[in-house]
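Letters A, B and C mark the chains as written, and numbering starts fresh at 1 in each.
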Amino acid sequence: MDGITTVGIDMYALAERLFPICRSITGEGVRRSLRILREYLPLEVREVPSGTPVFDWEVPREWNVRQAWIKGPDGKKIVDFQENNLHLLGYSLPVRRRLSLSELKAHLYSLPEQPEVIPYRTSYYQENWGFCLPHRQLESLPEGEYEVLVDSSLEAGSLAYGEYYLPGETEAEVLFSAHICHPSLANDNLSGISLLTFLARELQKAARRYSYRFLFIPGTIGAICWLARNEEKTRLIRHGLVASLLGDPGGFTYKRSRQGNAWIDRAAEHVLKHQGVPCQVIDFTPYGYDERQFCSPGFNLPVGSLTRSPYGSFPEYHTSADNLSFIRPECLGESFDVYRKIIQVLEGNAVYRNLNPRCEPQLGKRGLYDAIGGASDAKARQLALLWVLNLSDGNHSLLDIAERSGYPFGLIQEVSGLLVEAGLLVKVEDV
Amino acid sequence: MDGITTVGIDMYALAERLFPICRSITGEGVRRSLRILREYLPLEVREVPSGTPVFDWEVPREWNVRQAWIKGPDGKKIVDFQENNLHLLGYSLPVRRRLSLSELKAHLYSLPEQPEVIPYRTSYYQENWGFCLPHRQLESLPEGEYEVLVDSSLEAGSLAYGEYYLPGETEAEVLFSAHICHPSLANDNLSGISLLTFLARELQKAARRYSYRFLFIPGTIGAICWLARNEEKTRLIRHGLVASLLGDPGGFTYKRSRQGNAWIDRAAEHVLKHQGVPCQVIDFTPYGYDERQFCSPGFNLPVGSLTRSPYGSFPEYHTSADNLSFIRPECLGESFDVYRKIIQVLEGNAVYRNLNPRCEPQLGKRGLYDAIGGASDAKARQLALLWVLNLSDGNHSLLDIAERSGYPFGLIQEVSGLLVEAGLLVKVEDV
Amino acid sequence: MDGITTVGIDMYALAERLFPICRSITGEGVRRSLRILREYLPLEVREVPSGTPVFDWEVPREWNVRQAWIKGPDGKKIVDFQENNLHLLGYSLPVRRRLSLSELKAHLYSLPEQPEVIPYRTSYYQENWGFCLPHRQLESLPEGEYEVLVDSSLEAGSLAYGEYYLPGETEAEVLFSAHICHPSLANDNLSGISLLTFLARELQKAARRYSYRFLFIPGTIGAICWLARNEEKTRLIRHGLVASLLGDPGGFTYKRSRQGNAWIDRAAEHVLKHQGVPCQVIDFTPYGYDERQFCSPGFNLPVGSLTRSPYGSFPEYHTSADNLSFIRPECLGESFDVYRKIIQVLEGNAVYRNLNPRCEPQLGKRGLYDAIGGASDAKARQLALLWVLNLSDGNHSLLDIAERSGYPFGLIQEVSGLLVEAGLLVKVEDV
């Protein structure tokens, strides 16, 4: 069992622990989830009081649910929050009422085109209550009087999020962010939460040029809170990724930052191209996850989004079918591997200078070149050596060279090391 | 019946009135045509005397025709200018001669590959006379003595053209030009003349940021006359289109200005892309209509050419088959609609600034966003709102945003208005 | 028989004379070859003593071979350098030994996937000896005692190369280089040697804006020698081509210079595009022939490589099948034609200015335009005239105009000449 498989299994196990918890943009479910993450990482839990102004927004009241159900005309529970927290419209106000089927239906949400699944719906900023259920069940509800209970509270409290800062050699930062506001949905976003948790653990063990910041935040309002409270710090962010949808078996999707050609964009595209799996790279759009906030024009940070299947593109998305059987350890592990390789590029990218720039140096006398000439099947390593020598004129970084040569960054980096050892190359600057 | 259909019918009716007149680069036919246009628009008729030097050229003598025919060996008219003014080679010198068939044939023009139609031919700058006729007729001419009459005059006079200037809020101009020198050819260019006439009438009624200039000019020499007499004014021209071939059922062809990426080029390409009809956009070439002069290197004006089927690409081109049955009211109307939308882009394009650039503003509290979250089918209008907010950083115009988002300019413009009303956006400058 | 065919036959005849000689990076074979070339061109033969330091390298000892063979267990010669000089591993040390089959096999080279041919192999910089032979023969060798003789010398001497400098109106240079170190291989590189020889003879007869330098040098070490001894002169090199693999019937391959968009890159791509034969244009890679040295980062010269089938892409490459029956006079002639046309572009490229930039000049009155208007099949020559007038604004060279218009450089150059004669155009500067 290789390292990738192992970490995938560990990631999956963490997702299993987090899955049952009812999370939202505020409330105890988020805190319980963060406490679990603290078993893995010494992250800080921040609390932002309800009512705090954050740019154009205000931190909402805190929402908590004790129980919620619908009883049918026969008095039996037909929909129960205890069974699946997706049944309750997120941020439902407390209610206890008897009402007719038609009155009830105004508060029911289903997916006619996917009649077997419970949809995930919320109403954070408009007061409402409601239940979500399979369309097939909704269709079969008999006439009669129903009883509804939402035993929730929506009160002054605070919004909690987790933050883990791992200092490196420099203050320059790489930002990773995962939204933590979704209830029992596995791919969206226990996959992202697990991946960042284990990525942080991996980075703890490594030498780090960059400092790393991991955010486990409620979507939208959490990102806005963090940005409002850390506006000054954003100038240190050199690269960033929003992590989500990383456990399904689909191909990868990298969505570029608003800048479009930032180093993170090039690094992610390069790694995916060489990963040998289906992938697509798409341009920034101002819709999606928290890259919307990080890439708002007043910040315009070099933050992309790296998922497998993109949001809204698969039938399980935002339904009860996005459960633990939809994500797979091996997919989580592969996603982890891609993130790790992107970090390798960011950490390792640098500009070198060929100390022998006029004509090629004689590689053979240094043991860097095959002795028998004439054969035309020069090896990748030899060609990579020649590429590094040819382009290391002070204007090309290793990633530039990897892109232009078509070789993976790892090989370019490795042969650069050999050339430095041989005294033929010197590092000019980190990128 | 919608507005587009109505204007198409009106445009067709104007083309019908103009069709029988024998126009050329000079002569009474042009003046008669301009008098008809004056019933629709208060255009100025300018006269430039023969012999006036205009750049490298000189205004030619004025050509008028009273009658022209060929009589066969039996004394009967076999070709008659009265029946179709295309029969006479444009600018034919006066002649009255008897001559053999072979002598006659040196002055006859036909199209062997289209034996049923009369070709359109001219000889403006080399003295000559001639007749054009269907190849089938030419082939069947018997041996014998023919009589030829061209009762024309080629004398000092003047070149007439029409000009209509419609002032707007600023002196910055949009130039529209149609050539008016072709005899009984419907698509080329009664379609262009009609379209500009009705476009001017439409613009009279509208608020206008730009001033508009409409030229109804003989091809080449007319454009050269206008440019020579208005050299100073050309610095005010911000955008321009040469209008022709706008009544046939073919797809649209936009030919870029010599600049290649002027606003008119982008506006035309954008509108055509969203029009939902077949279209092509081609690069500038120094051949075609009067864009040749407007885009000569000494002027290099941002003037493109927008036709349906391009010149020379359809068999009816420059033949008697380009008649009133070749053009259609609905095609004229659709062309009008495209021109009008391009003007909408030019008039409406501006740079706005997001007043809340750090993170997204809370659209929900302003009624600009759906209340129920979770559904992944965000509406075009909501996405357009997000695009405008995201890119309105002072560096992107509405057309930039429309191009990058893939939404039509009209929608981008509309949501920009909503955002201005909501106090979230402010106009920085017109483009 | 046209000129191209004639020169192809002459080129082939020269290749025939050079074919039997055993060349290497040093030795008498190179000098004999250069003496033959001196019958065609007054080239200088330079000698660089063994041990001379040249950048990171050192000129190797001189290698000469008197005889070399393997005798089988029965005492008969089974492999003989006299029969084919490819049999001997290049730079084999002297040896006379009796040895078993398995000891012998450690010194034998063959191509299992091409069992009938002798491969070409060398060991310039690691002391070794060996023989090359068809794999089928190697497989059939019986057990027993073999006798091996390599009667070679590897001693202080010198490296010889040929250089021919043809001065032109200016000191600015065009560099042509062919490697001369391969033994009996026809396409690689008697084709390149022959082509440059006859190209130089052609250029001797022509007016030349540029000076031309032709190098006949051993691959790699020869280029390094020349660059080390002529470092100052390289600043005069404006364009260059490495010539090789020019006699096979494959399509052309132009490999761009490291600069990627140098004039030579554009000229070569333009000529090939209009040659009407299969061709490909590929980006620079730091592997191949002596463009590796000319394009090393400390020189970064505008030197591309123009071959037919690229190195390593055809089965005959570096084997005994690359013989005189693999190359063809008509292919050599066609390659010559392409090189000549590229020179025509380099020599003729210039920026002109339209003296009548506002509107088109009246071409008709100067006899440069068809008299009868209306026909839509304007001729290439007329369109080319219009392109030159339109783009000659001081910012476009003739090659720019050829590229943008799609017409071949020759036509653009020809009509420019007509316009200069007509007083409509003036040359601003050579490019």
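Everything below uses one rule, namely that a contact is a pair of C-beta atoms (placed from the backbone, for glycine too) under 8 Å apart; a residue touches a chain by one contact, two chains touch by 3 or more.
Since the model is a prediction, treat every value here as computed from it, not as a measurement.
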item	value
Same-site or different-site touching of chain A by its copy chain C, using the half cut	different
Rotation, 0 to 180 degrees and nearest 5, that superposes chain A on copy chain B via CA atoms	120
Chain centre separation (chain A, chain C; CA means) in Å	53
Contacts with 2+ other chains: residues of chain C	none
Contact footprint of chain B on chain A as seen in their complex	54-57, 90, 109, 119-126, 128, 220, 223-224, 227-228, 231, 258, 285-287, 292-293, 295-300, 311-312, 317-318
Residue ranges of chain A in contact with chain C within the complex	354, 356-362, 364-365, 371-378, 383, 386-387, 389-393, 405
